[in-house]
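Chain naming follows the written order as A, B, C and D, and within any one chain the residues start at number 1.
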Amino acid sequence: MIFIAIIFIFIGVLFSFLGSLGILRMKDTYNRLQTSTKATTLGAFSTIIGVGFLNPSWFFKLILIAFFILITSPIASHSLARASHKTGIKLEENQFDALNNENGEKK
Amino acid sequence: MNYNLPVLLIAIPILFSFLSLILGSFNKILSKIILISVIIFNIISGICIYNSVLKNGNILTVIGNYLPPFGINLISTYTSISFLILLYIVFLVASLIFVSKNDDRADKISSVLLLYLASSTGILLTGDIFNLFVFIEIFSISNIILISIKDKKLSIKGSLKYLIITSIGASLYLFGIGFLYGILGTLNLSEISLNFDNISYFSKVFIFLFFLGSIMAELEVFPFNFWISDSYAGSKNYVNILLSGLSSIVALYIFIRLFLTVFGYPTFISFSYSLPFNVKTLFLTIFGLSVIVNELAALSSKNVKRILGFSSASSLSLILLSLSTGLKNGVMAAMLIAISVIISKPLLFLSSHQIMKGKGEKNLNSFIDGFRRNPLFSILFIIGVFTLVGFPLTPSFWGKFLLFISATEKISYTTLILVIVVFSITIELFYYFRLMHKLFIKDENIKVEKTKNNFVYIFSGILLASIIIFFSVKPYFTQNIVEKTTEDIFDKSGYIKSCLKSGEIDDR
Amino acid sequence: MRESDFNVGKFFAFLFVLILFLFMLSPLFEEGDGAKIDKNLSDIKNRVSYFHSLKSVKEIERILSDNNDFSKYREITDSAKTVIFGESKDLENGTANLVTSIVLDYRGFDTLGELIVLFISILGLTIILSTLSFAKFEEPSFLQITGVKFVTPFMILVGIYIFLHGHLSPGGGFPAGAIIATATLFSLIGCKFNYRVSNLKFIESNAGFFVILLATLGLYFTGSFFGNYLPTGIVGKLYSSSLILIIYSLVGLKVGAELSVGIKTLYNGEKDDDR
Amino acid sequence: MMIDNRTLYIYSFIIFLIGIYGAITNRNLIKILVSLSIIETALNIFLVSTGYINGSNPPILHSGMKLISPNSINISDPLPHALVLTAIVIGVGTTAIGIGLTIKLYNHYKTLNVNRMGDKDEL
């Protein structure tokens, strides 16, 4: 039981680390958002599962926590991306923006 | 023994500051009425406490029904309560001026003023070091707000500078508290002062420097005084009165309480044997430098409010200089100078504001022909200047005289103190006489109109001037007060005994 | 300022900081008595809070007032009571969270000051920013609206839970107020829920008024400000702490309303809502 | 590495000095405010460290927990935690006021750099 828990927690920590590494390595805002949200979601999830194996009596609370992370994390990343797009932050390499028209103006 | 009036001095203003917001949303006049009535209540109960302190000695007020050192307590000593009454008089003047003006935000500002009153009372009465910190924070935040009321670039810049310097100071203060609590395990001022000598050498130096650094900004001392020039020049008239009168009382009291009563002069002297630097020399150097720098800054500035601000900072430093001689005469001198500065500085701000009324620029030239425009306030201005500089028979004169005497007692510092005091008096005389000379210059080209004075200004100006005259005419009364205050400041074991009911400690 | 000047300034700042650091380390490596910080830290018995955490201040006070010497309280540590979760009752205060018992009972006056600091700073914010108005924000997207509508009620519920259980579990009025204020921030951004500042101010000042009124009533019932005059129950039950539950609830409401006022002021300026 | 009071002290000093360094060298008002909050964080760590005892429980009673005097009291000191609560709230208040003033100054000067806020304009 403890062994499985440790494996899950290890995976979670690894993904959180990779996510924070991605924030350092990626070049622009949108890529950074992608790495951070995706990696931290998985990281948090597997950590929660690991803790659930360690302490089965906390199962219900942990499900609630996981549920709220599942709901809030995409909304947060969506609002961040939307805000940065509205304020005019551009992509680093590929200048093509599907949300703009051909002349590069906002729709 | 458990005498609860002092806590009401803090609780009632807080209670009515909330009420002032609630009722002020209906009618702004209600909040003004609340402000004035709370101050009158505080003055009356302050006088009651003064009488009972005279009769029974220090009063201990317990909060939360837990005796010290377990809970928080207030201690009303003779010093604190007489400082408090002075403070209330200055506050009454400032708030009367505030009430006489129209302001859209009157309810909010009167609420801030009430909290200012509560916090300064709390600083003067509290017997707990962390509680002191909380009240200092409230005090400095309300100072920041009051400076920034006048919505000009200068005032906002001044208040931001004040905020940065005080928040660094506050963090230093908290570091000091952390050290003290980690070593002694208590937060009560009396218990700290009982055990402070037992702390090891480096930690003692540390705590001392932390607390000194933290109250430097409040004290308007030289390296930390860069907020003065903007905040005095950019703030409103009643805020100037509060800053110059009230702020200096509070800062002075914190200095006296922390460094003279709690850490104690005996500790200072034992310090000086083991430290690479002598604490007394350090103090004298800092404060003497501060006097000189502030006087020079006042001499070089053109704006009248700036001149007065720097001059109040320099006189505060002079008071601290005479406190840090550590002699009985020096402390008495400090008290005498403090009385005259605290009352005359608001008078100067008030009367200079009335003299310059109607002039767009607030520089030196707006004083020209002031006597014909506004004779009453010109006379009040001259009274204020004479009191501040030390015209014979004023308390300030006796104070400076005593400082000379105390300087001759300890030979090693005599020249330093003499030079500083003479220097400061000379420069003060120079720039104040320049201002007073401008009052009597007649400008024949312009037709002079007499300024109409508001009744509130006349009342408060005459109140302050009559207090000064009272102190000067009755020197024995003044001497009595000052001697009692000095005795109280040096009475470390009495302070501890009133709190912990014990504490044998050898003074000096 | 040019780059070259800047580097010199930075270098001197670094030197200054380094010297400060070396100086700050000095008390730790002191010989003899100097290690006092470390020595005392390992023992809670040398501190005032020992009696706070065993809830036996009154007992010690009784013993000390016979001896008439309050500076020797450290010598009589044996007479403190035992506190057992779920069993001990009629103690000085029944809070299971010892931090709360210090914050609101033994050092309640500090918390009053803390409340006032928050109050005055938000008041100052509204005074300072009252003449400004900011640009309007963008319309929220569908995802944001749905998410906010889903999450906000839960957040308010959690906030209320936290301030009601401030004496049993970590948390209390201030974090709860912060959570509630976050909920109002979400609803402001997400679904343009435009609350009136004056209503919130009314709640805030009333809550503050009642906190001080409750504290002042202690003057009448127990003879000292902030004294507890309600009975205490068994440690660990919801109704175990006398005044603490009521005061923390008021604090939670007050802080929530206050921070919401601050958020609204920073969001829009106070100018263009009511009036 | 074992974490005891001494390490916590040193860490909090380092963070404090980082904050001081930032407050001295930065010219941007927002960065100065950030440095001030870094100083406050250092302070909170320091205050908590004064109450920390190696291997002790948190000062919150839970089911089955006993506090027996004088020998078996195994909780960390709750008083510094209370102080830290107060200190945090005070820090929030100061930061709020600072941000308000900064917004106001930005509105006047259209810049956040302290050096560009000239003194010629008034008085």
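Please note the rule applied: a residue touches a chain if its C-beta (ideal position, glycine included) is under 8 Å from a C-beta of that chain, and two chains touch if they have at least 3 such contacts.
For clarity, every value in this text was computed on a predicted model and none was experimentally measured.
Between A-C and B-D, more C-beta contact pairs are found at B-D.
For the pair subunit A and subunit B, the distance between mean C-alpha positions equals 55 Å. With centres defined as mean CA coordinates, subunit C is found 32 Å away from subunit A. The distance from the centre of subunit A to the centre of subunit D, with each centre set as the mean of the Cα atoms, comes to 28 Å.
Touching of two or more other chains is recorded for residues 24, 37, 41, 47-49, 52, 107, 110, 113-114, 117, 120-121, 124, 128 of subunit C. Across the assembly, subunit A contributes no residue in contact with two or more other chains.
Those residues of subunit B in touch with two or more other chains are numbered 130, 134, 137, 141, 144-145, 148, 156, 179, 181-182, 187. Every pair of chains in contact is given here: A-C, B-C, B-D, C-D. Listing the residues of subunit D that touch subunit B in their complex gives 16, 20, 23, 29, 32, 36, 39-40, 42-43, 46-47, 50, 79-80, 83, 86-87, 90, 93-94, 97-98, 101-102, 104-105, 108-109, 117, 121-123. The residues of subunit C lying in touch with subunit A in their complex are 138, 141, 143-144, 147, 150-151, 154, 189. Only residues 24, 26-27, 30, 32-34, 36-37, 40-41, 46-49, 51-52, 57-58, 60-61, 64-65, 68-73, 105-110, 112-114, 116-117, 119-121, 123-124, 126-128, 130-131, 198, 201-202, 205-206, 208-209, 212-213, 215-216, 218-219, 222-228 of subunit C touch subunit B when the two sit together in their complex.
Put simply, subunit B touches subunit C in their complex at residues 2, 4, 7, 11, 14-15, 18-19, 21-22, 25, 61-72, 105, 108-109, 111-112, 115, 118-119, 122, 130-131, 134-135, 137-138, 141-142, 144-145, 148-149, 151, 156, 179, 181-183, 185-188, 191, 194, 199-203, 206, 496, 499-503.
Per the touch definition, subunit B reaches subunit D in the complex via residues 130, 134, 137, 141, 144-145, 148, 152-154, 156-157, 159-160, 163-164, 167-168, 170-171, 174-175, 177-179, 181-182, 187, 233-234, 303, 362-363.
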